[in-house]
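Scroll down for the structure; my scribbles are underneath it.
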Amino acid sequence: MSVPAKEQFSQNLMVSDTKQDTASEKIPVIARPFVSEKALKYLDIVEKFVEEECIPADPIYAQQIGDGVQARFTAHPPLMEELKKRAKELGLWNMFLPKNHFKEGAGFSNLEYGLMAEYLGKSHVASEATNCSAPDTGNMEVIAKYGTEAQKKQWLQPLLEGKIRSAFLMTEPDIASSDATNIQLRMHKEGNEWVLNGSKWWSSGTGDPRCNVYITMGKSDPNNPSPYKQQSVILVPADTPGITIHRMLSVYGYDDAPHGHGHVSFNNVRVPESCMVLGPGKGFEIIQGRLGPGRIHHAMRSIGAAEKALEYFLARINDPRKKPFGKQLYEQGVMLERVARSRIEIDAARLLVLNAAIKIDQKDAKHALKEIAEAKVLVPTMALTVIDRAVQAYGGAGVSQDTPLAEMWAHGRTMRIVDGPDEVHLVQLGRNENKRGKFLLERIQWQKKKGEEYAKRHGMTPKDVLALGRTGEQKAKL
Amino acid sequence: MSVPAKEQFSQNLMVSDTKQDTASEKIPVIARPFVSEKALKYLDIVEKFVEEECIPADPIYAQQIGDGVQARFTAHPPLMEELKKRAKELGLWNMFLPKNHFKEGAGFSNLEYGLMAEYLGKSHVASEATNCSAPDTGNMEVIAKYGTEAQKKQWLQPLLEGKIRSAFLMTEPDIASSDATNIQLRMHKEGNEWVLNGSKWWSSGTGDPRCNVYITMGKSDPNNPSPYKQQSVILVPADTPGITIHRMLSVYGYDDAPHGHGHVSFNNVRVPESCMVLGPGKGFEIIQGRLGPGRIHHAMRSIGAAEKALEYFLARINDPRKKPFGKQLYEQGVMLERVARSRIEIDAARLLVLNAAIKIDQKDAKHALKEIAEAKVLVPTMALTVIDRAVQAYGGAGVSQDTPLAEMWAHGRTMRIVDGPDEVHLVQLGRNENKRGKFLLERIQWQKKKGEEYAKRHGMTPKDVLALGRTGEQKAKL
Amino acid sequence: MSVPAKEQFSQNLMVSDTKQDTASEKIPVIARPFVSEKALKYLDIVEKFVEEECIPADPIYAQQIGDGVQARFTAHPPLMEELKKRAKELGLWNMFLPKNHFKEGAGFSNLEYGLMAEYLGKSHVASEATNCSAPDTGNMEVIAKYGTEAQKKQWLQPLLEGKIRSAFLMTEPDIASSDATNIQLRMHKEGNEWVLNGSKWWSSGTGDPRCNVYITMGKSDPNNPSPYKQQSVILVPADTPGITIHRMLSVYGYDDAPHGHGHVSFNNVRVPESCMVLGPGKGFEIIQGRLGPGRIHHAMRSIGAAEKALEYFLARINDPRKKPFGKQLYEQGVMLERVARSRIEIDAARLLVLNAAIKIDQKDAKHALKEIAEAKVLVPTMALTVIDRAVQAYGGAGVSQDTPLAEMWAHGRTMRIVDGPDEVHLVQLGRNENKRGKFLLERIQWQKKKGEEYAKRHGMTPKDVLALGRTGEQKAKL
Amino acid sequence: MSVPAKEQFSQNLMVSDTKQDTASEKIPVIARPFVSEKALKYLDIVEKFVEEECIPADPIYAQQIGDGVQARFTAHPPLMEELKKRAKELGLWNMFLPKNHFKEGAGFSNLEYGLMAEYLGKSHVASEATNCSAPDTGNMEVIAKYGTEAQKKQWLQPLLEGKIRSAFLMTEPDIASSDATNIQLRMHKEGNEWVLNGSKWWSSGTGDPRCNVYITMGKSDPNNPSPYKQQSVILVPADTPGITIHRMLSVYGYDDAPHGHGHVSFNNVRVPESCMVLGPGKGFEIIQGRLGPGRIHHAMRSIGAAEKALEYFLARINDPRKKPFGKQLYEQGVMLERVARSRIEIDAARLLVLNAAIKIDQKDAKHALKEIAEAKVLVPTMALTVIDRAVQAYGGAGVSQDTPLAEMWAHGRTMRIVDGPDEVHLVQLGRNENKRGKFLLERIQWQKKKGEEYAKRHGMTPKDVLALGRTGEQKAKL
């Protein structure tokens, strides 16, 4: 069976329905002016690759990972390399690197890649197959932006080629990592080496046998008066002695092998000072630049997951084998209402993300902090809601391995936590809005005064519509 | 006190805050390409007019309406005419008529007017002051589009000039009006007159003494085999004998005087056949064309109401007089979170409406049914949520006449009902999505089969990750 | 038409349905042991009185209040006196005074009266008709508990007889009243008189021409080091010179005439020191005792409102005249789901209130603070949700005067604010729970340690299920 | 370390807090009259056993299950037998069998066991350790109630002794199992044997090597005119040839080993006719009796899970190591509000379940269908909400194996599906309520008529408060 053309695809299946819109045709009209012809073309190629090559591969990839902890975290499924080869042939490689800042990527804007990321989010394997998967994407951005030529040669080049993988080690088990100033992995200088001691967890990607470098954040200058200058970021080869991956963390029972989320300790881990990124004390500067586009990627993949869940939902309620109480599910009132709500919520959330992506494209992520935070908060909760509705329509199949829904939900749930929990972003958004408070209070007071002038001009005394004006003496006569 | 310039305004008030963005600066970046320079300029004029002239006038206008049912429904507050004069001077008149279909308007697109409607929605008087208030807007569209020259001269001209007002009589008390085929006001022909008998309610605007014409939908051909061809729309002068406005309906206690919502009976009401619009049996055609842009107007005004509620919310939590338990409200955690959620929800909903407006602009409302329905459902619930949060922050002042919040909420609540309740739109959206169901079911099956080919190529037998393969015989040995 | 017996009632109406359960039959089984035979009997009498005499009277009472502010706030509808006479005949009078603390009432427990209050909450007039309406109930409790004999003779006696009405003046417009220590109406002593200066609002009941006494809270000792001893409560005759009711406040668009919510000023209002309740500085003690049972009353009336809304909902979806798209509403999926959710939510909330009432009965309100707060928070939001669902099923009729729903909603909305907004109660509940935090943290740690002992006994080393144990050196070999 | 007494326990830990209420002290006052002295005593023993012996054992038990599919589904952790021994010593064995129907149990009512089940729900191992775990509980009830003496001897006796385990095979993969009439596993008679052919899934417990009997529902009489008489239930020994457990189903990422959820096929599986339960065609009768108390057990265990999640939540926000932005989490506003809402929602839901249990105790489950359905729907959604709040407070630890939260959530999610999805119960509840619709519509109409009599007696014509009465002729003069 060769990869069918869209038309063949439909024909083969004798799909009774009318033609389905392609990815480029589905772009919201409001976003169209921002999408180049080239991006339109590649967007459709991405969709076709995901639907016809990646999604079918997902269960086989899962099978190639195997059984048992040790096996699963040394697995390197051959199917992945096959898909990567195919993706390169199609020109789908490193699309995430925004054209206005990096020459190394495929030449798309954040918005354009965002539209593609939606489709990548529909398959477990698609992001890695196109070399667009986290945390490599953000890591490549960091090294491309801040790395020395030597660092680029050693790590960026093989990452761009998809030959190795990487991890970003920030979160720690013993503190509240949502506030990065709390980070306490100790980095001190001995000679021309940095010596690292401490613990990290949620070190995503460390399970992969091909993960060769850990971009590690630690405290190099704990006494610096500015809490934002105590941190540094350093590149640590994964095979450095003193590192131990104690265990992998699960996400609602999923181990996400071989990628995984490691709990790692550093015991006198020594790296040469040439591994330092940008310079000591620059940790915050580096991580802040890193997070903007990554949040757009995550958000758009979540949009894609929500769309896929809705597709599964629709498939289920039209499954002729599933007729409780003599009617198919789509004939049962609540189902179509849930479908409709899902449609609305996905579409609204997508627009919020696209708007944020455009704002980043126009300048940079710093400029779009509000818009990014809005998308960061809204999208995961929306996606979880939509996925959960699909789960409920499937019943047992929904919570099990027989649909991708349960795993998508578990992954989606972490999106309310990674890169800062909802609460942190909400407080920041709230504080930002609150800056207007004083002005608004004063304007309302001004408007009231202005109203009194209107009244005067109209020969009126301002009076409440329910004015009563009853004194104690008048009351006595009632 | 003259109308202050934006700068003066801030100066006068000694607002400590930094400069506030103007309306044109606040347009989401994703919508910018669709807004002309002219619209940007007028948008700022609208904002200024609303904030500095209309909102201050709201309470005085309310006072001029007076006390007692008879007084309130004969009121014609002089302040309104003053504001209309001022609006005309500023060039703010009939902005609602989209430039691509009508020559009579101010020359804006649906999107551009939508952006303005957001600001009109912040004041009770602003829409009427700029001759952009429902139901006149939709009625003018109907007559402009379908009316004869005589009808235009008699009714459209004075409506465009703001000299008279109009009502649209569709809803009836004894049926389920959410399904317009149920409408049963009887229209029969006697000679060259149509004779009308029946009842209407929620005849909004009939209370206004200046409301001179009722655009009335009735059943002229009850035996037509198509339920969509039984209805006609006819122009009925408000002073025709046989009409009685029995009473006005309240909305959560508000009578909305002088506009009001009438409960009206028709008892042998005779109108010449020249009053028929488009021709007998064309009722559905007329109302379907009427509703698209109107829903955008309503939605954007609701967005404006939500923004105003958020402004009041912010003013309250920064009011130094309100310090429960020793802290201002903004210092109390839940408040900023609610502010932030409101910010996100408003911004997402606005993008959905703007996208729908653009889609209408690109062709027509029919083309944008899905997008309009999405906005129709999402916006009112969002606005009610945001307003209600502000009410709660104000406590007693929030539910009373001391803030505009309670009345905005009551009005907003009707938005989940007028032009079809949420449920009707959700079912239509759901059915529309459901058309994809069969295709998706087949695609999922195809993807599964395709996966089997991958497995084959990799020399594998497809197997579940939790494959057990235990027979009864094996069980016996456990 | 005489008042029909339950059986006749059904017969007259040719109700096709099977017999309906009476109020006493509907008591949840878990609450039965707490209800006396006498209460069972009177509960059914209350239900019959409400359904067959009060609810039919509601619209006529509304009509007798009249039109225009001045008329409405001097109204004393004769129908009310007729109903009060009838209620006394039936023995339904002052049921609210709990038998374990007061001899003046009808001899019921808080639980038993709570069950009755649910039915009173279904009619606008029923509470007053049975002399069980706020704020008189709480005021009578205050005077009965803390008043001198003279105070009792002057005010309690006529209140118990329903000859006069009363108001409780606590909330003030210029402060955050949710924190009562903020109250600042000034009370100072001149000779043997107290002189009052300040403003009050939300002075509910002050609109009624029969409201003769204001139980007023003010600050008599602003310099007392304890913020809980600065306040006093004093009885102020409504006709005392220096008092002005400036205006009445609306609740959404309702003025709640003749009762009403006054905005009142005190300008050198002089009252003899014999009017002081309990003694200067005792304000907090008095108001704290006042609020427990009152919250149960409010909550149970809200439960009744929710039940009534559900009844209206059910009536609507079975109305044969309302058939959108060819089907009655009950046949349309979402409706029955909403009915079912309403049923569940009402029943759960009711149990919470009944449990709180029993806890008060077992000792006093102080003892049941947690349970009362739980009911105070849960019930109004539940009732608003249920009412709003019914509104939506009715469409236009739901928001208007044609059903009691809109007014019930507006009233219900204030229940999230009066006697302290939700947020205050939630914080108190949260703090109370949080006291367990330390213990729980330690117990979890203890349990972990204990687990290590189990492991030891089983010859195991505690190990994570996803233990990996991969060192840098091992990684080098992968 | 020996098992500490409650007092020692606190002492050892130097818990600074005041004494914690025991389980019996925490029973809601409204439920107290229904709890015997014996149950109070055993309830405290259950709590102590769970907190001090079971919860500490949970992680060790998990470790004893091992790694890899084959290992995990042949595991029989020795720790479980140790705990069972201990439970028997404490008298905690078979508490689930209600005393009014079975002599074989520990002598408690459904309510009393329900209270205990809450505590069992806090530990993974506690239900099995006390021989109170599903599906054995329901299966034992079935055999005890409907089984022959031979069946009881063969299966009930060892089940009661905890020597074997059992499964209930009802759900099928190819149909909508939420409607049990769809079940199609074929049972036909050959000689004195029944021959079974078909597929089952979600056959919970089949993974356990000790699971020796499958209580299987199938279609024995497909042509019976009553769809409720086509089904039979038969006891199938797990080692019967022709049975294959193909694979185990996961719940989110959990395999629930060794218990598990099997996907099983029957290929000419032959069982003697003596295995039939109650008789051919009695399948529905059997399953209907089975589900009532089981739903109470599930619900109360879910209440316990929610309480445990709240405890973890409280522990977390008081953990001194977790201080984002310089404050502990409990000091950050939203956290205490979420704690408070959780407290309220748990308490309300518990009362609903207890009320249902009492209603079952008073007669039987059939009598309490409404109450059981209410609990079935409300509790899982409540528990999921509470657990999810705790997850969010923990961040990464919340979704991983480091807290019990993620696994509790996954298990809780299935509770919205097992024994019928929410939607089925909601429709049944809705239909049940809807029976009142006609009566209520007629009563509302009667009440309106009755009001007209009041008006007449008071010399009034019923008139709307917003009566206008304006004719076309009057309009002409405005």
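Which chain is which? They are A, B, C and D, in the order written, and residues in each are numbered from 1.
Here is the rule we use: a residue touches a chain if its C-beta (ideal position, glycine included) is under 8 Å from a C-beta of that chain, and two chains touch if they have at least 3 such contacts.
Just so you know, these numbers come straight off a predicted model, no measurement behind them.
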- Item | Chains touching both subunit C and subunit D, listed by label | A, B
- Item | Longest centre-to-centre distance from subunit B, chain (CA-based) | D
- Task: Just give me the whole-number Å value for how far the CA centre of subunit B lies from that of subunit C.
- Result: 35
- If you average the CA atoms of subunit A and of subunit C, how many Å lie between those two points? 46
- Item | Residues within subunit C bordering two or more other chains | 67, 69, 249-250, 255, 332, 334-335, 337, 401, 423, 464-466
- Under the touch definition given earlier, write down the residues of subunit B that touch subunit A in their complex. 1, 9-10, 12-18, 20, 28-31, 33-34, 51-52, 55-60, 62-65, 67, 78-79, 310-312, 314-315, 317-319, 330, 333, 335-341, 343-345, 347-349, 351-352, 354-355, 358-359, 362, 374, 377-378, 401, 423, 425-431, 433-451, 453-455, 458, 460, 462-466
- Give every residue of subunit A touching subunit D within the complex, in rising order. 67-69, 171, 173-179, 182, 201-202, 249-255, 261, 321-325, 329, 332, 334, 391-392, 395-402, 406-407, 409-410, 413-414, 416-417, 421-424
- Seen from subunit B, its contact residues with subunit D in the complex are 69-70, 73-74, 207, 209, 238-250, 255, 262, 269, 332-335, 337, 464-473, 475-476, 478
